[in-house]
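Order as written gives the chain letters A, B, C, D and E; numbering starts at 1 within each chain.
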């Protein structure tokens, strides 16, 4: 063993030939370069802003904005502050991205599966859909849906009427708004009870299956419960929910909840565009599960839908999820194209109007970018956690 | 200093609207025309002696101030309203007014509305980042009416939205409304309501803190107005050089040193007037009664003709 | 147990199985061999309807195999299959692989299913691997898991499609040992293989296929020592050289 | 037992043959499938027929002005009349042969992978496409030297501008992307960190915010008086954006190269840069051809965003004429025309990349 | 030619090489064997600094191998290496694989380099494959190209890391033949291999490693007939069974 008192060390190289020295030096230079670039950008910006008399700082956030926004999820009117417009833009961006992600996922999965249909017509139709909408710029598609399609809907006076309660016109879709009266709380309580009962039932069904082997149709029952119980409460309590049905008055419908066409067009375009990518991802995910896996599962006697649920989908998801999240990110970023048709998203409201009123470009652009960065980083983080959780154990 | 920079570059960078008939609009070979465009040309003629030495940079309303602040453009001439905030807190200076305007409403005749006070609940198309957007809010608030603001990033898109019936009313400066009306599928299906809800003095803007350049841009416009007042036109400017009216002489540079004290040649107004014309010519050419816009001088007539155009004297 | 009458199958225009007739008794062990492309795999796969046939009859344990989904499911429950490429489910542990069929097909309570799975894993001599994932096992171990998984269905018939040909020589022995043991316990087996040693020791009948047809079927002693058909002789000469 | 007589192969039953088989297998394999076929077929026909009627049968292709068009049918005269503007923007008409020539050269540089040319010639053409062509193309289009009349970038527009943005974006983004990818795999934590931050930043923010910064805010960050061309700035924004995506694609390729290749190259005594240039990158880039093609296609589509910063690319050019009072109601035609142009290029590029992939692959089977 | 003094190497906490001492003369041919994981590959890879060592000295042809980039370059120029997995460059033809080192490291004019490459390709008996790509060759041919590629550097020392263990039995012979020929031409060689036949024919010394240490080093005659250490005997028994 090495009980040598003076161990032989590999001789020391000449410093300029030592890769460690070189590496440290190189990195120092890199740090210096980046720091210098950063510093001079900062310095230039400061001095330019000063010499041009541009206001700096975030004080403007507390000033009154003074302009109206067509759609806002949170309470807003023109007497509120710029900080509020930031929140309005942010929530609108999150709304359109969230809905877009939801719809694009649904459409994407359907089309991706249709692509694998044994029906030639369906498969080719799915392919045609993908090839057409994937290869046309999103901005153009937004214009198309907004101006060329939704723009041709009739005006509010000639609105297409769905059962006299919901209306479709070029002002958007207007649906009745529920007005809760006394006793409506019971419906909520019934819903909560149904949810809890369903959860209990699913657990119980799983336990019973483990104990007796019998499979319990928990899913259909739970759905029935969640829908049925609140409905029951609704009638028992003597229908405590009134509906604010939109009515034509003056220029527009009043009452009800309106989904503005800008939102509609943006959602349509984002959904249809992103779904083409998701469809391809889904298809390749499913194809990546080798036919041997399906055959083995069938040979075990599993019925086809169980094969899907127990064998194919869990394996396909591993392949699907990572590229799927980057599509989600793309969709969120692409929602900034809202500015082209006037949907009041973050870029439109905050980086558009607010920036223009206050003139504080640097602060506002930085805040806007920070929002997108934060969204992106948190999704990446979740993604990494997921990936680690589902990584296949290998030798 | 901007004057020096422009002279060194041999070209004036001018921010204009990306398509507003009568004010700034490119034709399909890239030639820009409009009263805002001519304002820039006049500055270029004064500073560089060549009215064509301008690079026009189309900007959306939302981009314009940032572009000027950052130094991306030398002068902003993009039907921009002169307001306190803009003058004071954006680090900008308005050099004057090249068009006195007011905000109005364009409405579909079919709706049968004839007053802006009957617009309660209307959907209103407008352009992002404009005073229009703010005045609109004020007007409806003051009259206790509801409205729905449909905000587009270009005026052309807002007209498109109005045309598509996305909104009931299009609001903008009346001059623009006249221009936008011509772009409708059926220009006769809409009319401009009588109410003017705001004052909109539109004019060129420069960066704050560069007084030399501020003066140049300011006095080129004043010069054009004064030229109209003294009857100097692009036709007769040569002859006017031999005029013995001292006011005229100072304008055409045959007496006094107006150019020199501004940092320009003494006959800078000759370049401006011969190449671009006086204010009246500029007006008639771009927005006057013989153009598709067909606007009358109205407020924009000289003070001597019942308007409010009043330029300080060249002296 | 298995009756195949005049079975015909085409892939497009290509006639893969041509009038196959076969009768397998309960407990019989059949080895199928033949040159590549002769339709051995296809035949095996027809027996649990991984491939549909176009003409003829397959009757398994009294149930006719046709397009009727109920029949197919009933038959698949009785027929276990082991693939050349193992086809284990990589996202499930070894134990979970084995539990799938008992729990979801046979509706066995989980506890019992686990007991049974461990029993079969012991039988294929890898009980200690129960909690590993397939990716962590060697090929031989994987194939043994595949056998255990099929056994967990408690099938009446086991089909093997070249179960050893994707393995390294040392691992082949592990798997063959397990199969020999299985055979000696009286399981009905159909096995496509070129392991002639295996055929000699355990088969009741060896079937030789060529060009989609059964050329010869005979007990192994006769088959290897005095094949009747010249085609068989030719094939045996090639294969026994090794 | 009699000697085995091989049975003759029989033709398959009718359900397995010809048209019937095809129909059965593909359209009517089960009653559900059959139903789906009928329903889908019905809706397909009932939308396609009016569409074809609008776009082709009833459409007007030649004539004079908007009056020659039929209401409710496509009016392609509009596209025809403005075609020059859509293709070249404000580029002076007399000089349009110059960009045309540049693009013909470009097309010539793109074709060779499909011609049975000697490898050396092919490589020569490829190198020309990556180096000589951009320079030559620029000189041709911008002019100003060799007696060519100078054309300012503010006059560039239309499809020409779209193609220039995409082409330059790709050519410039590739080397930067490769450098970033190498940096991200570097053993030096500082370099790796810088590259990671750079890549993640550019991938996270929307392109239009970048274009906004590049087009109106840039002078704020630069020393007083330093400024450059607006088109160039858009190009830089697009390029850096693209480079971040490219870097991730290339990194995938680098990761796919087995460690043995690095070691073998090292054992031969090749230094870092030679290792990368001669051994690793050629293999990695080949692997990522499909990935590169995808980013290129999305870049090509993203160039439409320059419309928002006031450049007249193909979409911008079309959009700006839509407000022309002389041409009302031609919006659908205009947008469809743009969509068609983009579609042709994008679809073409994806086919092209498949071909290139195959071409590179047949060089040597594994 | 090679001097290794008290070489120690750790992977993390794991002590892979433990006080290795080794002296190789010019023209000597050394075979290294030992159980899997004993550190044979690591030792070989330390000799051209594919792995860095943490203690001890390696002196090759008078140059000390340390972190000094110049020294590493100088030593790599003199040392050729053949890997178990060949590691040919798939995007380059066989000839181009061989030209790489001469042209870019030795700065030989291309014409000369081609001549030399063809010479070595003839020596490994595959001159006719020069224009093919590695993917088109069999394993044995690929390994011969790898040897030729290493020879083209005209190294003073050749290192082989189990050059035949990824090959099919028939191909092993092709490669061993080439190596024997090389050995007989007087090249200094260190070869990790379990081909005992090869060791017997060509080795000047056989080194047995276990657990990161050199357990025994002796001429093959002594090594195989009367190993001194019990550990060696045990290993030889196992290995010679085959």
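Observations, loosely collected:
Convention: a residue touches a chain if its C-beta (ideal position, glycine included) is under 8 Å from a C-beta of that chain, and two chains touch if they have at least 3 such contacts.
If you want to know which protein each chain is, UniProt gives these names: A, D = Amino acid ABC transporter permease; C, E = Amino acid ABC transporter ATP-binding protein.
None of these values were measured; they are calculated from a predicted model.
Put simply, the chain closest to the centre of the protein, by Cα centroids, is D. When the C-beta contacts at A-D and at C-D are tallied, the pair with the greater total is A-D.
Note on chain C versus chain E: their Cα superposition corresponds to a rotation of 165 degrees, in steps of 5. Averaged C-alpha coordinates put the centre of chain C at 51 Å from the centre of chain D. Chain E has its Cα centroid 48 Å from the Cα centroid of chain D. Separation between the centroids of chain B and chain E, computed from CA atoms only, is 83 Å.
Centroids of chain A and chain B (each the mean of its C-alpha atoms) stand 43 Å apart.
Of all residues in chain B, those touching 2 or more other chains are 66, 69-71, 153, 160, listed in ascending order. Chain contacts: chain A has residues 48, 51, 147, 339-340, 351, 361 touching two or more partner chains. Residues of chain D in contact with two or more other chains: 212, 216-217, 219-220, 224, 308. Chain pairs recorded as touching, per the definition above, are A-B, A-C, A-D, A-E, B-D, C-D, D-E. If you check the complex, the residues on chain E that touch chain D are 48, 50, 73, 76-77, 79-81, 83, 85, 87-91, 93, 100-101, 104-105, 132-136, 149-150, 153. Taken in their complex, chain B has these residues touching chain A: 61-62, 64-66, 69-71, 85-86, 89-92, 111, 119-123, 128-130, 133-134, 136-138, 141, 147-153, 157, 160-161, 164-166, 168, 207-209.
Residues 5, 18-19, 26, 28-30, 55-60, 63, 66-67, 69-72, 153, 156, 159-160, 182-183, 185, 187, 292 of chain B touch chain D in their complex. Against chain D, the residues of chain A that register as touching in their complex are 23, 26-27, 30-31, 34, 40-41, 44-45, 47-49, 51, 118-122, 125, 131-132, 134-140, 143-144, 147-148, 329, 333-334, 336-337, 339-340, 347, 351, 361-362, 365, 368-369, 372-373, 375-377, 380. Residue ranges on chain A touching chain B, taken from their complex, read 48, 51-55, 66-70, 78, 147, 151-152, 155, 170-171, 249-252, 254, 260-262, 339-342, 344, 348, 351-353, 355-359, 361.
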